[in-house]
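See structure below.
Per-chain residue numbering starts at 1, and chain names A, B, C and D are given in the order in which the chains are listed.
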Amino acid sequence: MLIILKSDVTEQQIEHLIDRVESLGLKAHLSRGTFRTVVGIIGDESKLASTPLEAVPGVSKVIPVLPPFKLASLEAHPQPSVIDVAGVKIGGGQLAMIAGPCAVESWERMDAIGAAVREAGANILRGGAFKPRTSPYAFQGLEEEGLKILRAAGDKHGMPVVTEVMDPRRVDLVEQYTDMFQIGARNMQNFVLLTAVGQTRKPVLLKRGMSATVKDLLMSAEYVLAQGNPQVVLCERGVKSFDPDTRNLFDVAAVPMTKQLSHLPIIVDPSHATGRPDLIPACAMAGLAAGADGVHIEVHDCPEKALSDGSQALLPSQYAELAEQLRGLAKLLGKEISQPVGVPA
Amino acid sequence: MLIILKSDVTEQQIEHLIDRVESLGLKAHLSRGTFRTVVGIIGDESKLASTPLEAVPGVSKVIPVLPPFKLASLEAHPQPSVIDVAGVKIGGGQLAMIAGPCAVESWERMDAIGAAVREAGANILRGGAFKPRTSPYAFQGLEEEGLKILRAAGDKHGMPVVTEVMDPRRVDLVEQYTDMFQIGARNMQNFVLLTAVGQTRKPVLLKRGMSATVKDLLMSAEYVLAQGNPQVVLCERGVKSFDPDTRNLFDVAAVPMTKQLSHLPIIVDPSHATGRPDLIPACAMAGLAAGADGVHIEVHDCPEKALSDGSQALLPSQYAELAEQLRGLAKLLGKEISQPVGVPA
Amino acid sequence: MLIILKSDVTEQQIEHLIDRVESLGLKAHLSRGTFRTVVGIIGDESKLASTPLEAVPGVSKVIPVLPPFKLASLEAHPQPSVIDVAGVKIGGGQLAMIAGPCAVESWERMDAIGAAVREAGANILRGGAFKPRTSPYAFQGLEEEGLKILRAAGDKHGMPVVTEVMDPRRVDLVEQYTDMFQIGARNMQNFVLLTAVGQTRKPVLLKRGMSATVKDLLMSAEYVLAQGNPQVVLCERGVKSFDPDTRNLFDVAAVPMTKQLSHLPIIVDPSHATGRPDLIPACAMAGLAAGADGVHIEVHDCPEKALSDGSQALLPSQYAELAEQLRGLAKLLGKEISQPVGVPA
Amino acid sequence: MLIILKSDVTEQQIEHLIDRVESLGLKAHLSRGTFRTVVGIIGDESKLASTPLEAVPGVSKVIPVLPPFKLASLEAHPQPSVIDVAGVKIGGGQLAMIAGPCAVESWERMDAIGAAVREAGANILRGGAFKPRTSPYAFQGLEEEGLKILRAAGDKHGMPVVTEVMDPRRVDLVEQYTDMFQIGARNMQNFVLLTAVGQTRKPVLLKRGMSATVKDLLMSAEYVLAQGNPQVVLCERGVKSFDPDTRNLFDVAAVPMTKQLSHLPIIVDPSHATGRPDLIPACAMAGLAAGADGVHIEVHDCPEKALSDGSQALLPSQYAELAEQLRGLAKLLGKEISQPVGVPA
């Protein structure tokens, strides 16, 4: 940590600052420049996590040198993590192909879509039973009934399943049915929920918040890891921006940036990132080309009757065509699509 | 709702769309332009909340005409709401002066700060017992012990209190001690939590999310109102932007924009909006001048020892000076600072 | 300037870096921390302006300690500058009240609006003769004819005038007619144009670019100052954001932030910042309360027939009402509205 | 165009609006909904470009149905345009590989870098002779001397050249030396400059502004096209965002979005989009995978001595490795890298 002092700092203020730093068991190293004096802190910076050095008189700015996450950092774990979702591997050259409807709507829909995406090459089935809708008047999900349908569809079509959890009181219930928890973008900094899933032993798909930096995302992953659950897969799904013609702005550079900082796998979700079926295939290809460990796509066989986000879903035929292109690209890049251990019934 | 059709839409697609709309009990009104055809929907648009018309073949764009919130809208309640926080009024010309430390740290600190802010003119005391920290390694709050200290300080100094709740499992606990719930920016779209506080009968201070539009904020208020709790006070606290020299970007125009859309009071929080004590007084004055129903300020008597966000707190003396200026401005604007019914011990 | 080295930096790389720094006549001061080594640069940092130290092997990050502008900085000129626009003072407690139509449309309009805004209390008349329109098919301004009309209206109603210049080839022409140049937001980093107006001896109203930080704005002012023209007035006019319900996001905190960094006056333009007449008065009041040195407002007596941006103009009667409120606030704040020396004919 | 009326609009206001619309030779079509009345405009919307219908009493909102650009639109020109830069084709399946240093610094550097990038597979050589630097104290370019060096290096190594023009007074000069004009991001809405290059007969590489939407970019292209110069290549180079860890946010979805709207080719510039050599290769691959018509990369053989933006340049060896990967991806996608007609000396 570096502390830049104000141009009019007094010797007394400098002494006071050094006292504060040393009282925490750290060393302060002074560097007097022509215009400004800078103090370098030597020792374990995490001792300063709860100490607002910016509020000490004479201090102009505090600059952290090390990222504030540890367990998620590449320094702590130099090899890429490979996460195992009931047999499907994500990371280290193995790709996730997650697909399914936004919401679980009925057994018929889920069965049909599950069959179609498995046929097209998906290896994990998704579907929401608890939906975070911006309107209290919109369809909120089938709840436990939805979990049962999703589980049955995954089993029938031989794929592990992933579903969103929103309420810490439902983590146990969801865990009974799912192979992987999803934490949605709106809950990326719901630290209560992150702690709750960190205490389970199932993998977590953690979506980036709409205005979270890559480091914020890694800090949220750290919450899960710090509880003892090392199985986190990150997901880039677009950030807020100024162009109203897409739902979000797909930040493909987040993929290589994450790889520079962390060992955790990161996949992309072009469905939410763009909100437009006409842009999804191009962005899925871009994500894979940028090094993503998988692709998350919403698929619906009758988008106009979908109960949630139908307008951004691909048709099964469109998904099959895209999956074909993604396989070609994966081969060029030397990556593999992990095959599920389950067998379609 | 208006539906703009694609330039190459077929007559069959138009018929199919009209069938869909009419099957929901609505009427469709066709308008054929030179270049595009537009369909207007006549009837109760809320029937379409779960229907993705954008996914219907031939549709180019769907444009809502009415805002998606109802209970929060000015049309539903043309007079400004006045929220009563244990005797302190917010809205309709009455101003909240909420002040206190970011976190409750100890009885001594809370007692001293409580005395100072009441002396300076605050009418509601704030303090966090559960803290949403981005790092799992940072101070997370004193929990129930903190709630007891806050309650005691409020009682001693004759002020109602407000404190953040993060976990739906703790709503009952927090309700026992507080006069007003705070929902933090990171939980603005934690719909589970919004529903939980909507089921209580205490006022809710709802902070705007970092990348939420004003309409998103009103949709979140709608979640609380829809549960039967009409006592919501909104709070503008800055949004994410590209200038790293402030913590957030203070969106003062959100104040008059909210007044155009809703009857709910809105206050400003320049502490979080800027993160810089040197900018807080100017932004507090700006908020009041723009029509805000109050000001929320973090105050700490020893910022450099604060366990959370000390670097953005005002000193009690700075707060007293600002409060004096705010009183002058309130008088010019014809507003009153509601006086607490409690008497300092 | 601080240089943070990579964790795996070699001694050879450190030596090479120190050589590079010393070859520029600067000193390097090494500080070896537990995890990272940091190099402080001692001496005149401007020597490094064209040296990409980030590209030197072993370097992780370069952190400037001093802002890159000089003439615009408060350190260079600790007292607020007062800019004189043909007798009207801006800065140091004196307020600009700039008003007029977006574009000069005809003598009749300009004459009527000039009379109305002077009557309401404006002290500088604005009007565009060259318009930066996003569409090549929209009205582009009356050019020299417009300059003549604006000049005549200013003279008749006893006010100095300000008008936009877009083309370095027209600076001489515009200078003949105007008392102050305006550089529009889209040209804030048109360095050719900044240099051209820097070589004149007339004041410059420099509008902030849509995605420029406050420091970017000050760097653009530095271009004008560096040519020998010290008469720059800055203008906050909103930045791009994600809420489509306003044209831009009014960054009122830019006002006090500028005051912390620079001696140059800064005014606010709520017309462009919001694009909505229903929000302009509240934002004008907010700007003044935050410490702005004036307010720039577009006024049109028949907005629906305006040839440019009519939808964001106030009516003369709305402007008069707002000006009355601004005068009350100015008095409370101990500021004066500078009176023009000219006398209405 | 659709006009949504206010809920309290009067019949008189509706009549007045219809009169206004009909006086422009257009037809108004009324649609009375349950809550709101909507007016559809039938006829040539461009007649409304200078008419602020939002300012007409009783109007709540105006919604354009058609995009405001014409010559740039896919409807005007359904086949992809292929731009010819002195023999190198861009668009319609042919890819640009533009490479070179940020600034032209000397014959020796330009010669060496030119040889290296041609060897690696570049087909157009770039280099700046006029540099838009944010600081007036930074290196501003070699001007005409730089143009001569670039031209000579292009000729010697058998590549066409592209260079930035910033000043309308220098368009003629730059045209003598270059095969393609570059308009930089900061000048994307410098309409004077766009008009000037629109009057030449050389292709234009138009970079997207830092906070411009895709439609804004197309409107700026329209300025060039409207002057009679149809040879425009667009360039995505990142937009402003909130994460300080990259220079800009690379908006890869802009590539397929442009393809939905326009026939003009679009390339990507990951150098400026990220500002980080460690992210450039991944983003270049992503751009191509998303459908871009080429890649623009800054290359320098000694980045630490570069006079401008050295810290974001790739080394020639890094560029060669990336070019190899891009060729593999191009082949997979069925695209070709157009070969220059010139022969290296």
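Methods note: a contact is a pair of C-beta atoms (placed from the backbone, for glycine too) under 8 Å apart; a residue touches a chain by one contact, two chains touch by 3 or more.
As the structure is a computational prediction, the values presented were derived from the model and not from experiment.
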Remark   = Separation of chain A from chain C in touching-chain steps, minimised, is 1
Query = Which one of the chains is farthest from chain C, going by Cα centres?
reply = A
Message = Only C-alpha atoms count here: how many degrees separate chain A from chain B in terms of the superposing rotation, rounded to the nearest 5?
response = 180
Task = Please compute the C-alpha centroid of chain A, do the same for chain B, then give the distance between them in whole Å.
result = 26
Task = Find the geometric centre of each of chain B and chain D from their Cα atoms only, then give the gap between the two centres in Å, rounded to an integer.
result = 40
Task = Quick one: report the Å distance separating chain A from chain D, using the average Cα coordinate of each chain.
result = 32
Set of chain D residues in contact with two or more other chains = 211, 239-242, 244
Request  = Quick one: which bits of chain C touch chain B in the complex? Just the residue numbers, please.
outcome  = 211, 213-215, 239, 241-246, 249-253, 255-257, 260, 273-274, 278-279, 281-283, 285-291, 328-329, 332
Chain C residues touching chain D - in the complex, by the definition given at the top = 20, 46, 49-57, 68-69, 132-139, 166-169, 186-187, 189-192, 195, 210-211, 216, 219-220, 222-223, 226, 239-240, 303-304, 306-311, 313
Ask   = For the complex, which residues does chain A have touching chain C?
value = 2, 4, 7, 29, 31-36, 38, 40-45, 63, 65-66, 75, 240-242, 244
